[in-house]
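For reference, the structure is listed below as structure tokens.
Order of writing sets the labels: A, B and C. Residues in every chain begin at 1.
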Amino acid sequence: MTKIEFNKDTKFSMKHNKKTDRIMQNILLIPTVLSASFVLMILIFISQRGVAPFLPSEYGNESVNFLRFITGVTWYQPPNSYGIFFIVVNTVFVVALSSLIAVPISVFTALYIAKMTPKPISKFFQTIIELLASVPSIVFGVFGLGVITKVVLWIASIFGLQTAGGISTLATVFVLAMMILPTITLLSITAINSVNLDLEKNSLALGASKMQTYFKVTLVSAKSGIFAGIILGIGRALGEATAVSMVAGNAGSGPSFDLFSTTRTLTSTMLLGLKETTGLDYDIRFSVGMVLILLIILTNLGLNYLKKKVGRFS
Amino acid sequence: MKHSKRRRLDFLFQGVITITSMIGLFLLIAIFAYVFKQGSGLLSWDLLTSDYYATTYDTYYSDQLGDEVFEKPSHLDESVYFSSKWGIGFSTALDNEGKSYMLIAYIDSNSPLRILPDKNNEGEVVEITENQALLKVIFTNYTIIMSSEGPENAANLFDAADGIIDMITTTSGKGIRGSIITTLYLIILTLIIALPIGVLSAIYLREFAPKKSKIVEILRRLIEMLTGVPSIIFGLLGAAVFIPFTSTFTAADGGNLISGALTLAVIVLPVIITSTDEALKVIPDDFRQASLALGATKTQTTFKVVLKSAIPGILSAVLLSVGRIIGESAALIYAIGTAIKDQIILTERSTSLAVHIWSIMAGETPNFELASAISIIILAVVLVLNLIVKFIANKLSYESRTS
Amino acid sequence: MKKILLTLSIIIVAIALVGCSTTSETTSATTQTTTSIDQTMEVTVYTRDTTSGTREAFFSGIGFSAASGDNTVLVDGYVEVDGNGSMISSITNDLYGIGYISLASLTDTGLNGLQFEGVVASKDNVLNGTYGLQRPFNYIVREDWTGMDTESQIIEAFIAYMNTVDGKATISNKHGIVETTVSDSLWDNIKSNYSVCTEDNSSVTIYFGGSTSVESVAKALSAEFTTKCGNFIPEHNHTGSGDGFTRTQGSEADGANKIHIGFASRDFKESEAYAEGTTGLICLDAVVVVLNGENSILSNITSEELRKIYSGEFTTWADLLG
């Protein structure tokens, strides 16, 4: 409203001028602070709900035993005992395996796109990877349940093993690997592209083959950027919910390292059997959410520490 | 000797890398091939426009039945059982969930059942048409047709009867109209909430924020952290904050579209802020200087000159957000719920297309066909949006190179 | 020219890849169908979650009540599924699976439904009591109807409807087991007693909830009854037998999840202290033990065998066949 006034008045003083800008600056601070506050809101409100099950007299019955919650190897024992330790172990196991599959594929794909192919093909492949990155989780879930579980069933039958309809640790690993592949690939491409071309040229001039150069010079120099991609990918894998819930099964106890048996991750625990919207069985999922947030933060810190160490070596 | 060995090794590596890099392409094609194979049969205008829940009709027949004997049309095969007395044929069909039901496969244009009085609304009529399902008939001779006993039995009982006390038919249902409307509502509401907040925040951070301020740096970090939060955690935020919030200020009672839109708004905020910020970043400083030199305030400069040049960037932010909203499932399961609805009310539960898939896959028998048909829609929209964004980005970088 | 060649080669690669994928799918399908039952394989044990009425009926029916509400007494590696539907799809995919479902959902599944103690699960055997794995479907309505006058009258009419010829036909159409008697009346003959049904109720929502097993029966009843009773809006949110009581007369009776009528696929427990005259029987249902459709090495199973499978005493199919 004040703006219109200024438009009419062309001869305002410089001081007046500064004043509107300062007002505007303060007005604009409001949405910015609001945007920034959501992370804090997540931490505060989820913790508030997540802690409630462990506090006395919140649900009429006895409160959930916190020690048993963090060490438990059975998800639910009536009437009010929950255990999450094996779920954390399973989650880490599944995510670790899926990154073991996804990382080499992603790095090779990135190398291929960035270095080994002429522009039109590389552009085409990059677009494909970008599109894969935009496929929603629920579609991966439908694909996972419809195709990946059948593939797992087929693999199991080759080895003469049993699996509950293909719904298994392995299916979860495959689906997660598919989902983090584009994330890691895209960041690796950026990292590889930002490697100084002179380094490669020098290496080639010294008589190294192209492949030697790629592996010993390019990838080594892009190491830190690729690692950043891996960290992002692992973060995504830890928090991925819908697709995982559809292929993980709902194992009641564990931990299980059998690739062909059902498993249970933190996120699948939060989504499966979600029928109530009140009461202990609902609120305990906020506690699981807290553990998930904690796990993601710890993983991030750990991997970043590792990244710094690896970076120092070169 | 050593040289040739190395060349062989090189060749091997090159081969391995080339093959591995096909995996991404292969996966994308496999996903498309699968959802198309499963879902394209179901994908029709009817699916998009019809209700999820079937409409039930309740009728009767009390007139004197004529002597006309109807002929079974020759195009009907043996799977259709025909009542020559009433001119109607039944068969067994499978619904979208793979369950069998009794279909009215044929009804003669002169059949006495063609137009029947609506039993519960005097003066109104019900049109019995092919493709309706027959659930139950109670005849005046007290025999009862139940759909579970099959079409042959139904045709026989019709032939033996002279009047109908109660006849219940339904439309097929299982359409996704409600979920499409919900998705559209969510897109509009979310953008109304998130776009101003996001764009203004980006403007503040890029144009107005004091440089080298610690507080601004913290704000920036906090906003960046939002991108790393998994969507299910946003769902918990919706359940813990936005559902109680909307329940207090609106007629809502539990999960609703507004709490869903608020949750989605938080999810797309970082997308909008980053994308707008990127757009503001590439605007040459000359623009700003020129405007300021002409005596415009920073406010005028920002909103008239800078923002105008940032419009393509904001547009991509909108498109990316729409893609994210359409694909989002985990957060909405918590922030709205999973109840599929036909009548969409802002303060009540309903499902977006993605949650509709979750609902039918996680609930009773997983329904791959319907899930894949909806997946095709979601994929098509999301991929087209992404390609447009890429096109805009290419065009921008081309323009900035040439200018 | 080069570009065209490139595009062409890409398309060829793509087609080859798709070809690969489809062949691999078909081979997996064929290996599935040609596999015969290997008796050294373990039995995959499927169970419903602890809130399920089907689970309670099953475990109390085989004399293993300890497992009704407790997973820890079950064999290691059991698989828990959260609905009749997911039980069906899991066992359809698992040649070595064993589970239990409601008789109502057995038709069309292609699963191998077993006799229990030598008795076929059929309507007659349930009604005359010879089939042991059976349970009642009960309803429970609110006790406190304050401010819900119309709703209360609609529910009253609904309960009357369940006992008419019309209602019983619908219940048995959904495979609920009801005894029909000559004294059953037609809805048309008694509807004049329920004046609420002549009014326009299209703005009234009736909330149904409770057992998931009763869901299909309840939905079929409400879908046709709404046309007969002023087009009220039936809203179903079935979450398990326990909530049938909790949300009508228990702790959630006045909360956001309150319902007008709830269902339980079991008898009400002692802890569920309902008010006199607020409950009743709708029909009976049988629980059937099922195997994969291609697994025909068994046609009958006893409660002792089931106890041993579910407690982990028997682990392989050879154990079971002795």
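In this section, a residue touches a chain if its C-beta (ideal position, glycine included) is under 8 Å from a C-beta of that chain, and two chains touch if they have at least 3 such contacts.
Worth saying up front: this structure is predicted, and the values here are computed from it rather than measured.
Interchain contacts join each chain to each other chain, per the touch definition above. The chain occupying the central position, as judged from C-alpha centroids, is B.
Chain A and chain B, compared by their mean Cα positions, are separated by 24 Å.
With centres taken as mean Cα positions, chain C sits 28 Å from chain B. Between chain A and chain C, the centres computed from C-alpha atoms are 36 Å apart. Shared interface positions of chain C, defined as residues touching 2 or more other chains, are 89, 256-257. Each of residues 147, 272, 277 in chain A touches at least two other chains. Contact of a single residue of chain B with at least two other chains is seen at positions 25, 30, 254, 362, 366. Residues of chain A touching chain B in their complex: 3, 6-7, 10, 17, 20-21, 24-25, 28-29, 31-42, 45-46, 48-49, 104-105, 108-109, 111-113, 116, 125, 127-132, 134-143, 145-147, 178, 181-182, 185, 209-212, 215, 232, 235-236, 238-242, 245-246, 267, 270-272, 274, 277, 285-286, 289, 292-293, 296, 300. Contact residues of chain B toward chain C in the complex are 22, 25-26, 29-30, 33, 53-54, 56-58, 98-100, 119-120, 135-136, 138, 142, 144, 146-148, 165-166, 168, 170, 253-254, 339, 362-366.
The touching residues of chain A, when paired with chain C in their complex, are 60, 74, 76-78, 118, 120-121, 124, 147, 149-151, 153-154, 157, 160, 162-167, 249-253, 261-262, 272-273, 275-279.
Those residues of chain C whose C-beta lies close enough to touch chain A in the complex are 3, 6, 10, 24-25, 27-29, 31-32, 35, 38, 41-42, 44, 46, 49-50, 69-72, 74, 76-82, 89-90, 92-94, 96-97, 239-240, 243, 251-252, 255-257. Across the complex, chain B meets chain A through its residues 6-7, 9-10, 13-14, 16-18, 20-21, 23-25, 27-28, 30-31, 34-35, 38, 196-198, 200-201, 203-205, 208-209, 218-220, 222-223, 225-226, 228-234, 236-237, 239-241, 254-255, 266, 269, 273, 295, 297-300, 302-303, 323, 326-330, 333-334, 337-338, 354, 357-358, 361-362, 366, 368, 371-372, 375, 378-379, 382-383, 386-387, 390.
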